[in-house]
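Below are the structure tokens for one structure; questions will follow.
Letters A, B, C, D and E mark the chains in the order given here, with residues in each chain numbered from 1 onward.
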Amino acid sequence: MILARVSGTVVSSRKAEKMEGLRLLLLEKIDPISMKGKNEFVVAMDGVGAGLGEIVFYVSGSGARMAETTLGLPTDATVTAIVDVIEQNGNISYQK
Amino acid sequence: MILARVSGTVVSSRKAEKMEGLRLLLLEKIDPISMKGKNEFVVAMDGVGAGLGEIVFYVSGSGARMAETTLGLPTDATVTAIVDVIEQNGNISYQK
Amino acid sequence: MILARVSGTVVSSRKAEKMEGLRLLLLEKIDPISMKGKNEFVVAMDGVGAGLGEIVFYVSGSGARMAETTLGLPTDATVTAIVDVIEQNGNISYQK
Amino acid sequence: MILARVSGTVVSSRKAEKMEGLRLLLLEKIDPISMKGKNEFVVAMDGVGAGLGEIVFYVSGSGARMAETTLGLPTDATVTAIVDVIEQNGNISYQK
Amino acid sequence: MILARVSGTVVSSRKAEKMEGLRLLLLEKIDPISMKGKNEFVVAMDGVGAGLGEIVFYVSGSGARMAETTLGLPTDATVTAIVDVIEQNGNISYQK
């Protein structure tokens, strides 16, 4: 899974039928040392109700369809966790 | 999913049987901040009727075969949405 | 799918059993603007009878096993089309 | 599989249901020549009880769900081995 | 599939149960023009009995579990062929 920040949302009125009613998040990947954005973006489905600015991680590939809310959907990226704490080398490097 | 602009089409008369009659799009990935092309291209199947120049996103991997029109086809990239609005950090950064 | 040029072949006498008798192509990825090689290579199975120098595209991942000739084979890249025409922004940028 | 060092853990109270009770590792990919970190990070599930600082490798994609502890879970990266020895060109380049 | 040279082996006593008894190869990806290593490494399962220094190619993703010896195993990379000859643009560029 890859760490990212929720940087926005993407709205589409013309999309694959199965996607109706789903919220689409724009994520920016982050470096977990500096917690800064890496200017690399993905559009992900939301499996946990993540909000703007929150640090999350998302699952890629077929795993993106293993969350309760995304079974059988045409997705390759799904947010499956909002991050509370990142601990590195014994120190807390991020706390929500 | 990855944001891209429809930059053209690819025509092939000699291809895998299951692909007969399908429209093949040439997509250029875009940076969602500047909305400029990144000079990275993929050929994708079209699940939504996307037109030249439109901003879309596409699904990669096995998810590319989860749209209504691509079930069982030999694809690893399918356009599943035409983008109307991108909102970043509370501001509309793109509107169709 | 990714655009590439058939740059050669790979021969192996010691390989997974299921691969006996299959032709293995060496592909060089191309930039569809300049049509030049990107010096990035993959070995792919051949689903369409592609010849040396031809512009093709190949499918990656599990989709590489969705062509008629590659069902159940241990492949992650299969050529599924020989390209006749690439049209970009209304102009023909490549014609076979 | 990719070689990495366990650099920390990620804690989340709001995550996909199936992930309750699972330990999430922060991994930094390493170069196996110098054994130094490459400043590229992934969050992985733990299939072997790996500890902080240990050299491991992880499986990506659907293979990440083929370990005994991760069947059916929404993961795309799982640690499946703690490395004891790396031998390169006849020499032991790493020993735990 | 990707061309690589067998540069060593990886030994692990603590690993996912299904992996007991399997040989794990360290591969360095090569450039097929110069045949030089690219300093990019992967750990792969061995489906053909490849030896140190041999030029091979490996399958990634779910295809890595389609060889006779790796069905159902937690792998995302398996060597499926030892390369005898690479022919590029009509010339033999590598011969074992």
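One rule holds for everything that comes next: contacts are C-beta pairs under 8 Å (C-beta built on N, C-alpha and C of every residue); 3 or more make two chains touch, one makes a residue touch a chain.
These numbers come from a predicted model, not from an experiment.
**Q** Among all the other chains, which ones are in touch with both subunit B and subunit C?
**A** Touching subunit B and subunit C alike: no chains returned.
**Q** Go through the assembly and pull out the chains touching subunit A as well as subunit D.
**A** none
**Q** Do subunit A and subunit B face each other with the same patch, meaning over half of the contact numbers show up on both, or with different patches?
**A** Different, since most residue numbers here occur in only one copy.
**Q** Using mean C-alpha positions as chain centres, tell me how far subunit B is from subunit E in Å, no decimals.
**A** 32
**Q** Which subunit B residues touch at least two other chains?
**A** Expected reply: 61-62, 64.
**Q** Can you tell me, using the touch rule above, whether these chains form a line, ring, star, complete graph or other shape?
**A** Drawn as a graph, the chains make one closed cycle, so a ring.
**Q** Moving around the ring in the sense set by going from subunit B to subunit C, list every chain once.
**A** One full turn from subunit B through subunit C gives B, C, E, D, A.
**Q** Of all residues in subunit D, which touch subunit E in the complex?
**A** That would be residues 1-3, 31-33, 47-49, 57, 59-64, 66-68, 78, 80-90, 93 of subunit D.
**Q** In their complex, what parts of subunit E are in touch with subunit D?
**A** 7-19, 24, 26, 39, 41-44, 52-53, 61-62, 64-65, 72-77
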